[in-house]
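What follows is a pair of complexes built around chain A, which joins chain B in one and chain C in the other.
Entry: the complex of A and B
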C-alpha cells in the first residue's frame, strides 16, 4: 500500500457540471446572441475572474466553482476527473463598473461612462454597459448631468457608501431568513446542530454581511464601508512580547521553587544503589584506553597545523 | 447443494443451513469449523460448520469423511450427499462471504482484516447453532492465525464449551473434515456458477484455480480489467495481485485516506501545520492582510472559488 500514485495535471474538460438559473437557459427565440462566458476584472482582487453575459448581454452572472479534493463525476457513460460544480448566479453589474467609475472619479470631472469603462486587459468590460440594470442604476453611485441627449456621470463616495450600506442591510435580512450561522467561532455548515444556536447579535450579522459584500469591492472601499457602518475594525491580536530568553550566566541556576530546601533536615543523600549483576560485570571490564562517552560530545580541540 | 439464496444476491454474505436434527437439540453435540477459499483472488470465501451428537461420532466416521484437500471434486460431492442424507443426526450451516464483502471490509476506512472477518464468521456460525438449540459441548476448529490466541478468543466468547483449535484439524477430527467438505463444495458451486452482475457479455470462465499464483487466473484478471472500474465484483480487490495489476494498468484513483507522506500530503491539501498556530509572527499580526486577502468564510466554508477559466 506504500505505492505512491502520481497525480497527472488536470486536463482540459470537454464538459462542465453547472447549476444555473433558468433565465440563462430559457432564452426566447427572438433573443439576440447566445449567453457567453467572459473574463472580467474582479473588483475585489483586481485579477481575472470568469463571468457570464446572458443572451444579448442583458444580464450579468458570476461563476463560482465548488472545488474539493478527491471528487469526480460520472456523467452518463463517461467519467470526468474534476468534481467541480459550477454555480452561475446573477449579479449586479454595478459592482464591476464601480472600480472604473472610482478610478475616473479621482479626476473629479463629469464624464460619459462609455469613456470611463475601458480596459485594455479586459476589453469585454464595455459589454457591462449593455446590461439592462447598468445605466439605470448608475445614479446609486454617481451624480448625473444631462446636456442635450448626452449623459455625464461623476462618482460620489457618499452615494457609493450609502448604496453599499443598503446592500449590506439586504444581505443581513437574507442571512437571517436563510438561517446561516454568522456567529464567531469555528462552525461548520455541514454539522447539524442539536441545540438551537445562541442568538447571534446584530453586529455578528452586520459584520458577516459586510464581509460578504466586501468580496465584491476593493480593499479601500471595504475599510470605508466598515466605518460607514460604524463598525470598529477588529483589533488584530496585540503584539506579543518577544519570547523570553533564558539568561545565560555562569552562575549555577537555582530553581525558584526548590521545595527540597524546606525539608533539608531530613534530606540526606541516599547511599549509592547496589549494582545489578550486569552492571557489576560491566564495571569489571578493562577500561584502559577507552574514551568516556561524554568525550564524544565535547567540542573538539583544534589540532594545530604543522 | 442449493446456493439459490446466495446466487440471488452475490454481493453480500449469505447463510445456508440444513434442518437441525432433533437429536442435536437433546444430546450433547460436537461441532467442527473449517473454511474454503481463503487464498484465492477470485470468488467467495466459505465458512462451514458441521455438528452431530458426541455419541454418533463413530457413525460419522463410517461416512468416511476426510480432509477435503485429499479428495477429488467428485468424491467431495458424493460425500456431501452422504452427509446431507444423514440428516437424522448430522447438521450443517454455511456462511458464504462474497468477494465483494471481502474487498469492502479490507479496503474500508476502518480496516477489517481477513482474520477478523474469518473469526467473526466462525463465531457467527457457532452462535447460530446455539440459537437453533444445538446442545454444543465441544467445538473443533482448524486454525486461522495463531492457534492459542484463537482458542482463547473462542473459549471466552463461548464459556462452557470446550474449544479445541488445532492446525490441520480437518485431518484430525472427522467433524472438522465434514465441515471442510461442506465449505469446499459450496465454494466450488459458487465459483462455477458465478453470475456476473456486470454486463460483460459472454464471460470467459477459464479463470483457473483462482489462486494468485495460477497463470490462467492472472491472464483472466488482465483480460477483465477495466481502466476505470477495475474488475467485476467476482474479484477480491483487496488482494495484492489485483492491486498490483490495477496500479499498472488502470487509471489512478485517489481517495482521501490514501496513505501518503504526512508532510507532503499536508502541503498538497494546504493544511496548516499544527506548529504554525503557535508561531508569533502570523500574517494578521503583521497587518499585511491587503495582499492576498482570504475569501470570506461564507465561500471558504462552502468550498466556493472564483475561477478564471473553464
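Entry: the complex of A and C
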C-alpha cells in the first residue's frame, strides 16, 4: 500500500474523458431516443458492467477504462483529477445474450427468446433484443424453429463453439496486422516489447486471441473453446496466456459492492477513495469490464508505483 | 428495486455546442477538479524539439507527445448534468467538449510506442475484430 499522505476526497465536479466510436454521436435524424449507459450482467464475471445502448437501442457498445495510477487531465483551462480514459467501442450483443440462452438451454426445449432473456437483477437486458444484430445473429449459437410467424430457439454448444472460433480467427488476423506483441517479446521479465524481430508463433496468436475473446464468455466456455481450438491448457507460468494474466485484475470481483474499492483493484495501488454518488453511478458498475485494458496493453503499469 | 435499473442518458443536443479543447494527460494525480491557468503556466512553456515535447511542471521534467484518436473515433468529455441522488434515479450527461488528439506526458522518460496510452489506442481495432459480425 502507498505510504503517501492522506488525500482529499474528490469533489462533486465529475466528468469523464472518453474516446468513442463516431456512430454514437453521428446518429441519423430519424433515430429516436438518446444513447444511454446501462448496467448489464457481464457474461464473463456474472456481475454488473457498464454498457451503452445507441439511439433507439439499435446498437450496443462496451465501455472500457484505461487506468494508470497517478494520472490526471488538463481539459482546456480546467484540471480533472480522475485520470481514467474510457473507450466506447462496438459490442456484439450476442455475447451478452448467450448466458441467458445457455441457461435456458439446460431444459433442452425450443423457446421464444423473449421468454429466455429475462433478468430480475438486470431489467435492461431485454433491450438487447432490440439491437439490430441480435435476432439476426441468434442462428450462430442456436437452432431455430419457425411455427407460423413465431420463432423458437434452442442453444447449440457445437454452433456456439464454431461461432467463437470464428471470432478468435478474426481476432488473430487483426493481431497479425497490428504490431501488438503477443508472443516472446511480452514475456521477457523487463516487459520491453520486441516488435517484429521476434516472430510470434501461430499458437501465440491463437492463445492471445482466445484470451481476448474469453473476456466475454464464461469460464466453462473458455475451457471448451480452448479444446475446440485444439490448444492444451497451460500450467507453466512462463507461458501465461493473456487470459491468465488477467486473473490478477479479476481478483477483487467479490468486493463488488464496496464502491470504495473500485480503483484499488487491478494493478493500481490507489488507496480507497470516497466517491460521490455521481461517480459511483458510472464507476461502480465496472469491476472488471472497464479495467482490463491496462492489463492487455500496459505491462509496465507496475513501474508506475512510487 | 434493483440498483441496476437506473440509466444515464447522453444528451446528444449538446454535441453541436461542444467546443474542441486541448487535452493533456499528466503523469501525476492532481487533487483538484476545476479551473486552472493551464495555458499561462503550462502550455506556454512547452518546448517542441524534434517531435519530442518537453515541459517543466512543478520542477519535474515531463516529456510527451501528441497522439491522435483512432480513425472513426472522437474524443468526448462527458459532464454530469443531472446527478442522481440515489442508486435508483436516472442520470444524464452532456458532451461538454471534444478532442481529436491528446498530449500525454511521461515523467522524465521520452515517449515511445511502448507507452500505455499509445498501446491503448489499438484497442478499437481489436474490439472491431472481437465484436464485428462473423460470416456464416
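One rule holds in what follows: the second predicted complex is superposed on the first by the 212 of 306 C-alpha atoms of A that agree within 3 Å, B and C clash if a C-alpha of one lies under 4 Å from a C-alpha of the other, contacts with A are read in each partner's own complex, and residues count from 1 in each chain.
Quick note on the criterion: a contact is a pair of C-beta atoms (placed from the backbone, for glycine too) under 8 Å apart; a residue touches a chain by one contact, two chains touch by 3 or more.
Source: prediction; values computed, not measured.
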item	value
First (chain B), second (chain C), both or neither touched by A:91	second
Which superposed partner A:27 touches (first chain B, second chain C, both, neither)	second
Residue contacts with chain A in the superposition, chain B compared against chain C	C
Partner chain in contact with A:63 - chain B first, chain C second, else both or neither	first
Partner chain in contact with A:42 - chain B first, chain C second, else both or neither	first
A:219 touches, of chain B and chain C: first, second, both or neither?	first
First (chain B), second (chain C), both or neither touched by A:208	first
Those residues of chain A which chain B touches in one complex and chain C touches in the other	7-8, 13, 16, 37, 39, 48, 62, 64, 66, 68, 70, 79, 87, 180, 212
Footprint of chain A on chain C - complex, ascending	2, 4-12, 15, 21-39, 42, 69-70, 72-80, 83-87, 91, 93, 95-97, 113-114, 116-117, 119-120, 122-136
Footprint of chain C on chain A - complex, ascending	7-8, 10-22, 24-25, 27, 34-40, 48, 52, 55, 62, 64, 66, 68, 70-83, 85, 87, 89-92, 95, 120-124, 133, 137, 139-140, 163, 166-167, 170-171, 173-175, 178-180, 192-193, 212-213, 216, 276-278, 280-282, 285, 293-294, 296-298, 300-301
Complex interface listing, chain B residues touching chain A	228, 247, 252-256, 258-260, 269, 280, 282, 284-285, 287, 290, 293, 295-299, 301-310
Chain A residues within the chain B interface of the complex	1-8, 13, 16, 37, 39, 42, 44-45, 47-50, 62-70, 79, 86-87, 180, 188-189, 208, 211-212, 214-215, 219, 236-237, 239-240, 243
